[in-house]
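In the two complexes below, subunit A is the common chain; its partner is subunit B in one and subunit C in the other.
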Partner chain A sequence: MRVVVASGKGGTGKTLVAANLAAVVACLRDVVLVDCDVEEPNLHLFFPSEKKLLPVLADVPVFDTVRCDHCGECARTCQYGAIVVLSQKNLFFPEMCHGCGGCEIVCPQGAITMGKREVGRIEFSRPRAGLTLVSGVLNEREVAAPRVIREALRYAAGHPLVICDAPPGTACPLVETLEGADFCILVTEPTPFGLHDLSLAAGVAGVLGVPAGVVINRSIGEDEIIWRFCRSENIPVLWTIPFEKRIAELANGGKVLTDEIPEMKELFLRLFAEVRHRGEAGL
Partner chain B sequence: MIICITSKGPKSTDPVEERFGRSPYFLFHDTEKGDFDPVTNKFADAAGGVGPRAAQVLIDRGAKVLITGNVGGNALSVIQAAGIEVFRYRDGGSVEDAFQKYQKGLLGKMA
Partner chain C sequence: MIQVAVLSGKGGTGKTVVTGALAEFLPGKKVFADCDVEAANLALILSPRERARIPFFGLKKATIEKKSCVACGLCAHACRFGAIRNGIDGSFYVDPVRCEGCGVCAGVCPERAIVLLKKQDGEIICADTDLGPLVYAELSPGSGNSGLLVHEVKKEAQKEVRDHDLLLIDGPPGIGCPVISTMSGIDTVVIVTEPSIAAMHDLKRLVMVSRGFSLSLCAIINRADLHGGYAQTIERFCADEGISLLGKVPFDPTVQDAVSKGVPVTRFGCPATIAFREIAANLSGILGEKASDRLKGRNE
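Moving on, here comes the complex of A and B:
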């Protein structure tokens, strides 16, 4: 089973939920936790440990300057503005390239072949018994977040239990993370911003056919706007995390709540039982 | 010689657009013919990579001079590689005003 923790809006508590869920489940069985927020991965802050690194490579065109006659077909085909053709030479902007290979296909001279370039890395660690952490890291200035996410998920593929911390937003990186998952936990906060982005993220899960449930974080007991949305969309509210100073302090200190507050362990185990039930039943 | 001026509209009386890659129009002025030929910038609303692609339009049309407010890093490296001179115009006036100031040598060159 693969569970994705998403939110749409950043800063709602995705990583808090993913980290604690993985920590309590790891006491019972093996779990792989994947940080898919490759532009700003931070799960390792909760689980400091020695890492092993593997590079993530992306496809990039390599130009044969002898064969190239500067016809400009490649530049006209590139949707990302990564190639500019001058009368005597070509300019290539690797950080704008998405590695689609369109330039190679259209080149009438056969002057383009695809080479490799490092765009990020995957970090592996085993921070505690039962828990494997796989973090995707996109290099600065790079745009190929989905490429790094795909690679991170590939390393976790086939494991019986995978929990993914999704990137914020609802664009390609979220789609890459969510596609094919068995269940999506949508973490939100009871604010108009939280609701707005929750509705977008719930829409993505709906389009991808991934069943979803909501966790309301930082609740002060006035969560009606979220409840109203969930009722109208027929999305279950799985749990409500109270707005408490102690929770914020522990999280900000990089502490796992379920290590420090025994009651939290019970609550996260209950959340997992609910998620597993729904994920396996496809509810 | 062909001079390109970034413009908010298709006419030489329209105001100069200070952004290069996202300029709605490029007005190409041929100093031998004396007219302004407007070209719609189809990359004005594109998600990304607009600078180099807009620069390619200038190259393909044989422009030797660009008059605009500012040019981003990627576009500038393309424009410099193509040997196009860039002059900065930020007076908020029309394309004609920018062209006249260029002719009088009143515009600063962008390094």
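Moving on, here comes the complex of A and C:
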């Protein structure tokens, strides 16, 4: 089973929920925790441990300057504006390249071959018994987030229990993370911002056919706007986490709540039981 | 015109609330843009009056014309994104979520059965608010092309600028495609951070990315009293990196209360608002110097 923790809006507590869920489940069975927020991966901060690194490579054209006669066919076929051909030389902008290989196919001189460049890395660690952490990290100044997410998920594929921390937003990085998942936990906060972005993220889950449930975080007891939305969309509210300064302080300091507050353990286990029940039944 | 973007690295540190407060307290005529196109929230606090909606078309998507297709499978073989699938009846079709519009399939198809079609991926909205024009967007959930849409939103907002002095941008979280698109061509970045291990980590990555652009960096520590230790670490980091610290905002329940009620927090005389007022004055001083430097440069 693969569970994704998403939100739409940033900073609602995705990482908090994913980290604690994995921590309590790891006491019972093996779990792989995947950080798919590759622009700002934070799970490793809560589970400091020795890491193994593997690079994430993207396909890019390599130009043979001897064969190239600057005909410009490659630049005309490139839909992303990554190649500019001048009379004496070619300019290539690797961040714009999607690695489609179209330039290689159209080059009449056979002057282009596809090579590789590093756009990110995958970090592996085993911070505690039962828990494997796979973090996708996009290199600074790179844009190929979905590429790194795909690679991180590939390393977790086939494991019986995978929990993914999703990136914020509602575009391609979220789609990459959510596609094919068994259940999506949507973490929100009871504000108009939280609600607005929750409705967008729920829309993405809907489009992809992934069943979802909501966790309301930082509740101050006035959550009616979220409940109203969930009732009208027929999405279950799985749990409400109250706002407490102590929780904020522990999370800000990089602590795993369930290590510090014993009653939290029980609550996260209950959340997991609910998610597993719904994920397996496809509810 | 000066262009300022509010960014954060980590999400949920308070970019939109800060942008709303700066909109209120910065002097001069202003235009606003919400470049967090995947989850745009600035409109929720600026009460916009819509003026126009412009359709947004992202990259094209491939479509296979069934009647011309002979199911040779060359397209599926050539596609590096796994976007061409084989249906149960043996026919081929394009998965629009996977398709990146490269056109390789159309190029290799011997029957010319594949065409690239424009697809609407969202809308750009031009509006008026009591504080100045606002441009924001709605990206269709699950679409790609958010970086491209950011670029289009900025372009529309720049058209609104005319005799205004300042373009104030509410930016996206992260450091990837939409953030880089937001940063390109602007003058100043205001980073909203908070005292936590995660925000500190994300701040460092954002600063590293911004070093590729010629930008001046300022920072605000939001909810500064929620972790004294990390607040200090962030202050030291800013000093070391030459980032001007505009101010610290205390944790203040009035902020969430105001957001919940859809009222600008700046209407309350609460501790956060007092801090926002001082931050706007500090930023205004920095931007004023920049504007006069630029004027000098032009006159010389």
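The rule we apply is simple: the second predicted complex is superposed on the first by the 283 of 283 C-alpha atoms of A that agree within 3 Å, B and C clash if a C-alpha of one lies under 4 Å from a C-alpha of the other, contacts with A are read in each partner's own complex, and residues count from 1 in each chain.
Criterion: contacts are C-beta pairs under 8 Å (C-beta built on N, C-alpha and C of every residue); 3 or more make two chains touch, one makes a residue touch a chain.
The model shown is predicted, which means the values in this text are computed figures rather than measured ones.
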First, second, both or neither for A:E179, with subunit B first and subunit C second: second
Touched partner set for A:A273, first subunit B, second subunit C, both or neither: neither
Which superposed partner A:A281 touches (first subunit B, second subunit C, both, neither): neither
Which of subunit B and subunit C A:L45 touches, first, second, both or neither: second
Contacts of A:F93 with subunit B and subunit C, given as first, second, both or neither: first
Contacts of A:P192 with subunit B and subunit C, given as first, second, both or neither: second
Superposition-derived comparison: subunit B or subunit C, residues of subunit A touched: C
Contacts on subunit A seen with subunit B and repeated with subunit C across the two complexes: 79-80, 143
Of all residues in subunit B, those that touch subunit A in their complex: 43, 46, 48-53, 55-56, 59-60, 74, 77-78, 81-82
In the complex with subunit B, residue positions of subunit A that touch it: 72, 75, 78-86, 89, 91, 93, 96, 143
Residue numbers on subunit A that touch subunit C, as the complex places them: 8-12, 15, 37-40, 42, 45, 59, 77, 79-80, 95, 98-102, 105-106, 138, 140-143, 145, 167-175, 179, 190-193, 196-197, 200-201, 203-204, 207-208, 218, 220, 222, 225, 245, 248-249, 251-254
Contact set on subunit C toward subunit A in their complex: 8-13, 16, 37-39, 41, 44, 59-60, 78, 80-81, 97, 100-104, 107-108, 139, 141-147, 172-180, 194-198, 201-202, 205, 208-209, 212, 226-227, 229-230, 251, 253, 256, 259-260, 262
